[in-house]
Structure formats: C-alpha cells, structure tokens
Amino acid sequence: MSVSTATTASRDETECHASFLTVEDLTVEYRVNSRSFRAVDGVSFGIDAGEIVGLLGESGCGKTTTALSALRLLPGTARVVSGRWYFRGRDLLNLTEAQLREVRGAEVSVIFQDSSGLNPVMRTGTQVIEVLRAHRNLSLQEARGRAQSIFESLGLIEFDRISNAYPHQLSGGQRQRIAIAQALICQPSLVIADEPTAHVDVDTAAEILTCMKNMREKHRVSFILISHDPETLAGLADRIIVMYAGQVVEQGPAKDVLSNPLHPYTQALLQCTLDQPAANRAIREKKRFSFIPGSTPDPFRILPGCRFSPRCAERMPICDSDPALVEHAGRQWVRCFKYEAD
Amino acid sequence: MKPRPCLLNFALLVMLFVLSGPSAFTQPPRSTEDLFISDNPVGRTGGNLVVSLRSEPKTLNPVTSTDVSSREVIAQLTSDMIHINRSSQRTEPAIAKAWKVSANGLQYRLELRHGLRFSDGSAFDADDVVFSFKVYLDEHVHSPQRDTLIVAGKPIVVRKLDQYTISVELSQPYAAAERLFDSVAILPRRLLEPAYNDGKLDQAWGLGTPPQLIAGLGPFRLKSYVPGQSLTLERNPYYWKVDKAGNRLPYLNELTYVFVANADAEAIRFQAGDTDIINRLNADDYSVLEKDEHAGSFHLQDIGSSLEFNFLFFNLNSSLPSQLVRKQIWFRDARFRQAVSLAIDRNAMVRVVYRGRGTPLWTPVTPANNLWVDTSIPHPARSVEDAKKILISAGFVWNAEGVLLDKSNSPVEFTIITSASNAQRVKMATMIQSDLKDLGIQVQVVSLDFHSVLDRIFQTHDYEAAVLGLGAGDVDPSAEMNVWMSSGNDHVWDLGEPHPSTPWEAEIDRLMEEQLSATKRRKRKALYDRVQEILAEQAPIICLASPDILVGAKNEIENFKPAALDPHTLWNSPELFLSSGGSL
Amino acid sequence: MKLNRTIMVLLLAAGALHIFALCAGFLAPYDFAQQNRDLLYVPPSRLHFNDPQGRWHLRPAICGLAELPNSPGTYAEDRSRCLPVRFLVRGSEYKFLGIFHCSRHLFGVDPPARMFLLGSDGYGRDVLSRLLYGGQLSLFCGSLATILSLSIGVLLGVSAGYYGGWFDAVVMRCAELFLALPWIYLLLAIRAFLPLHISAGRMFFLLFAVIGFVGWARPARLIRGVALSGKERGYLLAARGFGGSDLYLMKRHLLPQASSILVTQAGLLAPQYILAEVTLSFLGLGVGEPVPSWGNMLATLLQYDVLVSYWWMWAPGLLLIPVFLVYHALGNALQESADCRVYSQ
Amino acid sequence: MRYLGFRLLQSIFLLLGVSLLSFIFVEAAPGNYFDEMRLNPRITNETVAQLRQDYGLNQTLPIRYVHWLSSVSRGELGFSFAYDSPVAPLLWSRARNTLLLTGSSIAMAWLVALPWGILSAAKRKAWIDHASSVIMAILLAAPDVLLALGLLLFAARTRLLPVGGLASLATKSGMWPEVRDVAVHLFGPVLILVLISLPTLVRHVRAAMIEAIDSPCVHAARAHGIPRSRILCRHALPLALNPLISLFALSLGSLLSASLLVEVVMSWPGLGPLLLDAILARDVYVIIGSVMIASLFLIGGMLLGDVLLFLVDPRIRTEGLA
C-alpha cells in the first residue's frame, strides 16, 4: 500500500513538471435505469500551455463528457470510474468541492454550446460580472470596468445596452460572445469550448474563432475545442483528437490529421464535410442522408473489437479483436489494425 | 398647599360613589314595586359567567327571532307575563303577578306588577303589554310568535283595563291558555313604537343596535357584541325578582356568551375552563369529560330523559312519486310497521348511540314529561320471532336466501334518509338497518344534508322512510297539535291531508280537539293517554329513543338546577351565584 | 440500477396495497357491517402465544372479553376463556373479487368469540375488516379521480398554454370560474335529482367522476404556466421550424416539462381525493353507512371522544401515511427516471 | 395598462358569471331557509309561506337575480334571512379577521416552505430530503380537521395556547397588550393553516427548484465557479419562480375555503363560522356574498400573480413592452 502511494506521489511530481495538462486513462460510466454504459473509455491525452486542442467526433461519442469530467460537471447519473485530470500538478478529480469551485471559472472555464449557459432571467452584464466577483475580490465598479474591456475586446461595443439586456433580447452571436466573456473574464489558463460556433452564422463563427485565437496569443490560454465539424478546427486547433464511441481513435497535429487522416472513421468524417455540395443537395431535396453509413453503436451493446468496424468500409477479420492506439509516422497516433503492422 | 390633593381625591371618591351608587347592587327595592320573591337560598352578588353558544345569535328582536341561539339570549333580556317553571313544568306568575279566569273560560284577567322598570330605567305599564301583543298579532309583521297566540283559528284579544290590568279574550275555551304567554316577551313601547309605525319593526334590534336602544324586563341587558366572537350581557339593575333577604336579583354581574361553532370545541373549551357552564353535552363528550370530573373544577350532571324523541317513519303521503306507490302498500299496512317496530333493538340503540345515557321509547311522550307520560303503554322487547309472525299474518314470505318477499314476490327493501349532520340519527338508522336484516329486509341508509331531508319530507315527498327527531318545546299536549292532527303541518308521515285518511287518525284528531278544550287535567290526561296508545298501536311513527340531558357546571356555581325544559341550565339565571363571589 | 429497483419495490408495494384491498373479503375476518353491540370500542385483541398454564404454543390464541361491571365501556380479558386463532375458517359470506361466492376467511376464531386485531368501533364492528374493505373504495376512487382530473387539467392546461390567445383566455376564465363556484350546492342539486337508492357500482363511478371533474382547474392553471414559459424555449421553436405538428410538439416538448408539476400534483391530489369522499358522503353523494371507506373511517376521529379515548381508531390515519408515502416516493422515482432518460440522450 | 384594463373587464364578467351560476346552483339545491321552521310545531305553514313571500323567495330566478344585482349596486350584497340585515356589513366585519388569519398564515407558510423546499432540492436524495418527504407525507395524510382538533386538544390539555377565539374576554387595555393577545390567539390557527398548506408548497418548491437546478444555465453557473448559495438564490430560484407564482396566486384564491374549517374548529370570528351556518341554514345571500368575496380574492390573487410574473420574469416583461 505504502509503496504504491509513494510511487504515485513521485509520478505526480514528474507529471506536473512534464506538462500543463494531462488526462490519464479517463473512464466515465453513465447509469440509466439500472443499466450502465461507458461514455468515455480509457481516454488519455495531454495539452501544453497555450495549445488549442480540438476534440472531434460525432455527437454522443464522449467528447463533452470527457471535457466536462474535468470540472466534475457531469449529471448525477455519471460516474468517473477511473482516470486522472492532472492540471498544473493537481488532480482535478481529487479536489474538494470548495477547491474545485475556485478552479472553475478562474483557472479552467467552460464555454457552453449555444447560449444555453446564460440564465434567461438575469441581465447579461450581471452574469459576466458575477463570475469575476466570485473569484476576484473586486468592487462592483472595478468589475464593471473589466467586463467592459472584455466586452469590447470581443466586439460588443455598446456595453451599457448589452449588459443591461436579458439574453433573449440579444442575437445569437452576441449571446455567444457573452458566454465567451464569462469564460475568459478571469483569465483562466484552460478553456473548454463546447461547440462554441454550433448555432451561429458563419461570419459570427469566424469572429468568435478569431477571438479565441487572439486570447490564446495574448494570454497563452489553452483551449479544448469540442466540435463535430473538422472545418471549425481546421483554422484554429494545434492538435486534433478524434473520438469514436468513447475512445480516442486518432490524434496528432491538426495539419497532419486533416490532410492525412489515418483512421477510416476520420477519413469518412472528413470526406463528408468536404463533400459539401452533395450534402447541400440532399438537404434541398429533403432526403434522409447520413454522413457515414450506419450509426454510432448502441452504448449499451458495445461488442468486443474495433468499435467502428460495423460501419467500416475496410473491415478486416482481425477487427473483431481490440485494436490499440499506436504511433504512426512519429506524429500521429491511431487505433486501427491497418497501422498496427508498422 | 398640602391638603388640597387629598381633598380633591376625597371629592372624586364621593363623586364616584354617587355615580356608581344607584346602578350597583345596593339599589334597595322601593316600596312601590311589586317584586317577585324567590324562595331559593340567598346567594352572593358579583361575578361573571361565561357560556358557549353553538351558533351566533342572529338578532335580538323577540318578534322575528326563530333560531335557538337568538331565543336563548333574548330569554335573558326579556320577560313574559306568565312563565312556565322549567323545573316544575307548571306555570308561575311572572310580570303578571296574578290572573283570574272567567267562568266560561273565555276571559283572562291579568294583574301586572306595579312599578316595574325596563332595563333602561323607563317605567312599565299595561300599554307596553298591549303594544307587545299588537305587534305579535299584526299580520304584516309576520312574527312566528303569532301562530302560538291563535286559539281555534282566531287570535287572542288583549285589552288594557287599567294601568296595571290586562284582559285577554279567547274565542273558545283553551286548556293551556296560561301556557300561551310563556316566552312571549314584553316589549318596551317607548323604544319600539317608532319602528313599528314605520313598518320597520322586523329590522329593529339587530345585533348592530347600540345597547342603550335595547331594553327589556329580563334579568340582564345587553352590554356589548363582538361579531363572530362574543356577546356580553350585564346585570339589569331594575329586575323584578328579589331573594328572601331582599337583595335584588340577579346575583351575577355579567353573563357572556362566546360563540363556539362546534360541539366538540364547546366541550374542549369547557374542559379547559374557558366556559363555566355547558348546556347540552352529547353522550360521547360526556364520557370524555367524566374522566376529568374528579380532578377538574367542574361537575357533570345527567338529569335524565329529555323531551326530544327520535323516530322512524314511513312515507304514507297520498301524493308521492309514482315509483314509491308499490312500496307504500307495505308501509300502509300497520302490521308491517309493527313488525319493524318489534325488530328494532331500542335498548341496544340507547347503549350504542347514547352510551346508555338515554331512554328507549315506545311513545313520543318521554319520561321527562312527568305530567303527561302514559306509563301503561307496553314496552315490548325486541323479538324477531314475533315480528316474523306478524309479517306472516300480513302475507309476507321469505325466499330460500332469507329475503323477505311481499305478496307479488318482490323483495322488501327500502331506504332510510337521515340528516348527515346528526351523527346520532345516522347511527340509529345504521342500527335499524342491521336489525331489519334479521327480518330479511334490505335497508339502505342515505344520509343527506338537513335541508335536503326536510325538502324530501315536506316538499317533494320523495323518500321511503326517514329518521327524524322532534323536541317538544313544552310538555303540554297543546304544543303538539300540529304533529298529531291529520291536518297539522308537522304530521310528518302524511302531510296536507284535508281529511284524516284512516279511522285511527280520525280518532286522534277527535281526541286532540277534545283535550284542547277540556278544562279538567284528569280528563285531558285520559284523552291524551288514548292518543299515545293509538300511536303505539298503529305505529305511524316508530319511536326509538330519547337522549338524556347532560350538562356540566363549574363547582363554584351555586343554585345550579338544570331542567328538562329548554333552556336547561340558564333558566334560573337570576338565582345563579358564585360561591367565591368573585369572577371565575 | 438502484433507481429501477426502487421503482420496482414501490410498484410492488402499491400493487400489494391494491391487491389487499381487492381481496378484502378473504383477508378480513368479518363482514364490514357486522355489529357486536356488546363490544363497543374494544381495544385490539392481544394475541397470546402462551396459555394460562404458561406453556408456549406456536398457534396464537385470543382471550374472551368481559365488560367490567363498575365501568361500562371498559373491557378486561378473561384468561380462562382462550380460543386459538384458526386459519382458513368459515365465516360470513362474501364475493371474492366481486365474483365468486365464498365464505372462507384467512383467519378467525370460533364464534361466538370475536377477535378484533385492530379493535372495534362504535357499533362493535371490526376495524381491521373495515379498513380492508374501505381500501377498495378509497384507493380506486382516489387514483381514478386523480387520473381523471389530471388528464383534463393537462389537456386544457397544455393546449391553453400552447395556443394562447382567446383559447387560453377562455380556458383560464373557466378554470377561475371552477375555482370560485360554490360546488357544494351543485352537488346538493345533483343529489336531489338522482334516485335515492343508487347501486354501489354507480355510486362509485359517480364519486370519482364528481371528484375528478371538479378538480381539474388547479392542475390546469399550474401546467399552463409551465407550458407558457416552455413555449418560448429555443428548441421548441426549432422543432416547430422543422415542421413538428402541434400535437407532436405538445406531447414531446411541453408535456415532459410539465411532468414534474404533474407528478407533484398527482402525489398531492390522490390523498386529498381519498379524503374528499367524506365531504361528499355528508351531502349524500358518497358511500353512506355502513359501507366503509378510509374517508368515513377517518371522519369518526373527528368525534372528540374517539380522538381522545380510543387510540386504535387512529388506524386509518396511520395507514394513510405509508400509503401516501408510497405514492409520493413512486411519483418522485418516476420523475427521476424521466430525468435520467433526458440526460442519456 | 391596456392589459390591466382588459383583465379588469374580464374580472367583471367573471364575477357576473360566478354570481349567476351561484344563483342557479343554490336554486337547484333542495330546500330553503324557511324549511327549518316547519319542524317547529308552533309555526304554521301559512306563516312560513308568508315569510317566503316577504323575503322574495317566491319570485322567479331572473327577478331575484336582478334584485340582487341592484342590492349589490347599493353595496348591500343581498339580504340575510337569518340576520334580517344586509349581507355586506355582516361579511365585512368578519372578512377582516379572516384576512388577518389567512394573510399571516400564507406569509408564514411561504416563509417556511421556500427555504425548506430549496434545502430539500439542494440536498436531493440526502437524508434531509428523505426526512422532509416523510414529514410532508404525514402532514398530507392527516386530514385538516384532525390537525385542528389535535391542536385544540393540545391547547386544552397544556393550557399553553388559548383554545380558540381572537381575543381574551378580559382584555387588558392598551395597544401592546391587545396586539400581544391577538398574536397569542393567532398562533394556533396560523400553525394549523401553515401545517395544512406546507406539504403542497414544499413539494412544489422542491420540484420547481430541482428542475431549475438541472437546467443548463445553472449547470453553467456551476461551471463558472459561482458560489453555491448564490447559485441557489440568484440563478435557480428566479428560474423556479414561474410555477411558484402561479401557485401563490392559487393559494391566495383559495384563502377562504382553506380557513373555513380551521375557523370553525378554533372559533375564529371570521367568515368561516358565518358561512358554515349559512350553508347549513340555506341563508342563500350570505353564501352568494361569501362566494363573491372568495371570487374577489381569487381574481385579486390571479391579477397579483400576473403582475408578479410580469415583474419577475423579464421574458414576459420585455415581451409585453415590445
């Protein structure tokens, strides 16, 4: 017993110097009506300070669960079975509720999908300022000043009008920026952005992404950018982690993953998004279409073997056994038997 | 400078004395007053009494009031000319100190007490009496009292002979003429005549009326009224009764009624010592209070049977919904009614419903009415066998499952309606249901709200059988004319008959008429006994049981003499006093 | 996993309650109307496992009761007259499940002795038997009436909130009208128009219809409030944009939102309706004596002497507490599981 | 403003509807006030019939309704048969006491229920939540009258509380002793009313709070590290307020019916005993008058609810302005 704790302690130290953020062997289970399934299954990755990492995958593949488990923001039915989130030398999963509260929003913050994170019955200004005041001992006046400056840096010029408005009185883009302002106002070192551009128009999306880029440059903020859309990640992410059915199937520098996807799933995903004209046609003609044939596996009935194999065009007999995440060409890691031979 | 404040104080003291003197208890009876001398033990003056009322009084107007609570309060505020002593059940002089009857029994000459004053200090004489009867008898006022003052279809005639003598004329001899005057309050002409002349008498003396505008000859006068909470009466310093020592009655300083809307709450408040007298306890609450009796500061009294009689009766009306006609064939058969009567276990009823504190009845006249009860009427015990024999003789049979069938082979079953708000009657009906099961009769008990019951009995005649109770207001048979006469409006089993529909009803009519004009009590008793016998024999109403009168009072209250007649406890309020002399 | 087991356990408990009530005839030792006029307010019989000689028996026995001569209404056990409790005894006849004529009872003692496991009431009737029979009416009437008034409430509340405009105004004014009217009088009038003797089945139907029908206004108003605020939410607008039909939108989006109110209301209404039957029976619309219901059994507690002196008469009240707890817990569990389903998507 | 005017107009129609339907209901119910006199052997049928005529009970329903409306316009609300006086003064003198009782108990009930419900929602599934649901079930299972009688019994036995009434008979003069006396008398009835309404309120507060706590924006507030107490009070509570305000409006509306029974048992000099008497005696105009007062409370409650909703929920408020 004592030996093992000693080793973990020493490892903690080494890890904390080694990287800014490390996720190790993260496994999260959901329990629904007495049945449980693993939404995240043994995910590990690391992030450097100032790095933007994209989490890519279809919905339901465990991206959000992975990211939110860091701040223990999962619903009551979820349980972290194993794993660690080392952030600046501390395991976030072992913090007390009070310690965690100090981390949330101040050191690690979240930008939620859409603007569902905004309270409809509170003025937006209040919502931004209260985040700041929850972590920094500032007077209301000072806090307002800070809020105004961050609003302006995000392109929200009319501070008084916007901060006095309720969320439903603002446009989607404005709301999303306010959500970003909330996340950034305490100048955290890590921001988890959950589909920040999902419900805004293309121009706003671009602006928002630029915003985030600026932030990273100015304050060396790291981002975990969750998206189902490779294009969103293309311009922004330094590194991309592709997830499928709770597992990391591929990861590597953004350029490499996007230009040279290794895993059949990544390939298919990119294929679909790049083939926009076909998709548009399908929408116009109100046809049902699917980006990738088949659908994500039923989480309750995960069979042994490669989880993508039922939908994989290049299925091999060996795919019935579990593939491991292997390094390929020194830069990318991939979970596919095609590359295991190397 | 020094003695002056002292002097001032003294002057004030004297003034106070002077001011409070006449109204306090020390007012000596003046020689000009004809006072009633009570022969009760001499008591001590002072003290307040708190009594609960089940519902708020609605008015203090003796002319229009009908509800029990109002009448109870009015009885303390006013007096009548001839009073029925609640204890002896006989008449005694009140404001009329003596009366003479003419030889033909048609004229009464009443001599009033001299020098009496109303509670506001104004003088009383024959004009007030004449005015009072004018009001009561005025058709436009519609006083419910008017009906009691009508003898043989004609109102009595009241005339002033001199300042203190009144003559009352009847159109035909009336046995209970003296009793007519009981509870007919004498009104102060000075205060009420203006309202009467304006035709607004029915709205006079409402609860909102200032106390100084209300006056009567009763032992108490109004002090204050708080809506929904309480009504306080204070001693009438001019009351016309004195005790043997010459002290003016009443002894009590104040009498307060608190309104407690619920029988159990009433018992609880008495138990808690909030109220000093409890008037009509039910047997259940009695059993609870009994446990505290020894430790508590109060005592309970079971003064025996009351005048209330509860009875089962069948719908014998000739006008009735068509679907009931078939069943009425059974009901009209006296043998059927007798069998039902025989199958009812009255003793068990008294035990279950009244916890033994009641009397089984076979006649509507309860033992409480010691002057008129017919003790010769048989009290057959419950006998299912005898009942069955009677039914067989009436042509009823039983099928294999023991269900009683009539001549046309349809099962005998009926519904008893009863007022849901009266738990005792619901219990009686439930017991009858269980008893009649032994005869193979299926009985349904339907408890309805009181007015629905009344509507069915008096208006629509849409019922099969009902359990009802009537409480006689007086012991004299004259009070029951409306119940037993076939044309009477309380002839519940068959209302609105122009002519008696059966020979025995005709005979009852004849007997009742006869006793009313007979003057000898012996003769009247014989006639009324015969009525009771016919009722027991024909069983148009099947008498069940009468509850005992259960009362309670604090131990300090002296001269406490509860009686069977209403009001049971406060009828002798002028003579009640507290042994401690002070407030309870 | 845990949640589902809770639901199962609660459903089993609720089911057992209903089954107990259904099999009242068999479980109850006596007929509910059988009076023992010498045994009024007898406290619960003690089960003796040892005889007067001190020997122990597996089969419990009941001792005869004798009224104390000096104090009527109090009873003492006569240890010399002990009778063993028998199982599957013959007794009064009843209809098992309302169909089969039957006269076997689960347990009882040889007559003329009586066993009152929960004491006897003011007529000397067995409280246990009445409790079991009473459940038949109260449980079913309570739950059916709840379902009825909630259905009307949901239907009107959701559509009023969803459509808004004049429809909303009309429905809500109606609800206010319903809340304000002196129902007691309408009920009196209804009673006057009905025949005096109504068969038990029709009375049961009437009871639950009346209770259920009158009670829709409150849930409707509450649900409408939720629907109103839910209507403006983004996903609903989006779903409408996708061409979802009104019915679909109400069913899939507004109703789940109202579910917590609904479950809460159900948990509150069922007990209230069980008790409402007392008021109705006062008006002649409920079941009258001697038919028992939990409502009218509880009503006897309102007599001061019963409240103070006979603790065993509290049985229906004490029984209602676990019954209501089961209802509440079931409601909560169902709501939680509904929430889970939402998350898992 | 226009909205308010519209609501007022609606309310007037509602009141008219309530009064008309009440008339019809009362008319349809069997029996009338003077029936009870028929049981008195000393009063003849003719007198009863005469009285019925005098009080206008023989007239047809529409005529009586018009008469009643005209008496409403005189501020009388009809005429009580039992009291031989206009109904309005009878009602007002008691309505004050009822308002005192119900007003303070509603305030108390919400003051207790809000923190209780919030706590039990915040500690969902903790022992405190389970304990609270057990307590609520017990309160719910105990019929109202039983609670009232129980308290009465407690008061009678321990003599810690007055056994009913609004004030002691021997009132000490002076402002402070009188207020204290009323407060002491108020305690029991208020306690019962609070206990009666608590289960409903707590369950609704809990349910609404749980829904709010589970909403994405409260989730987000947690993600931003907002302190727990602030999340509950500033984020979740305003979100949960919407259904609670509807409930509050309803509870105002059912003021009268809730207190009727407690008033009767505790001899509180409010509308309860008056109304009960009137119902049992068929003193119809007193009943219709009370129904009108109840409807006024109801409408007032609904209006207040709407106004509160308007003030509290910016979504509705800003929409209204737009």
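Some points to look at:
Here the chain labels run A, B, C and D in written order, and each chain numbers its own residues starting at 1.
Please note the rule applied: contacts are C-beta pairs under 8 Å (C-beta built on N, C-alpha and C of every residue); 3 or more make two chains touch, one makes a residue touch a chain.
Note that the structure is a prediction, hence the values are computed from the model and not measured.
Set side by side, C-D and B-C show the greater C-beta contact count at C-D. Taking the mean of each chain's C-alpha atoms, the chain closest to the overall C-alpha centroid is D. Averaged C-alpha coordinates put the centre of chain A at 89 Å from the centre of chain B. Each chain gets one centre point, the mean of its Cα atoms, and the points for chain C and chain D are 26 Å apart. Averaged C-alpha coordinates put the centre of chain B at 43 Å from the centre of chain C. Taking the mean of the C-alpha atoms as each chain's centre, chain A and chain D sit 53 Å apart.
Chain B has residues 264, 268, 421, 449, 451-452, 455 in contact with two or more other chains.
Residues of chain A in contact with at least two other chains: 75, 116, 168. Within chain C, the positions touching two or more other chains are listed as 188, 192, 232, 302, 304, 308. Interface residues of chain A facing chain D in the complex, by the touch rule stated above, are 68, 71, 73, 75, 101-106, 109-110, 112, 116-122, 130-131, 134-135, 166, 168-169, 179, 182-183. Chain contact summary for the complex, chain B toward chain D: residues 50, 55-56, 58-59, 61, 64, 66-67, 142, 144, 146-148, 202-203, 206-208, 226-230, 256, 258-262, 264-265, 268-269, 271-272, 274, 421, 449-452, 454-456, 458-460, 470, 472-473, 479-483, 488-490. Looking at the complex, you find that chain B touches chain C at residues 263-264, 267-268, 284-285, 287-288, 345, 348, 351-352, 355-356, 415, 417, 420-421, 423, 426-427, 429-431, 433-434, 444-449, 451-452, 455, 462-464. Contact residues of chain D toward chain A in the complex are 214, 216-228, 230, 234-235, 238-239, 241, 312-315, 318.
Those residues of chain C that touch chain D in the complex are listed here as 169, 173, 176-177, 179-186, 188-189, 192, 218, 221-222, 224-226, 229, 232, 260-261, 263-264, 267-268, 271, 275, 278, 298, 301-302, 304, 307-308, 317, 320-321, 323-325, 328-329, 332, 335, 339.
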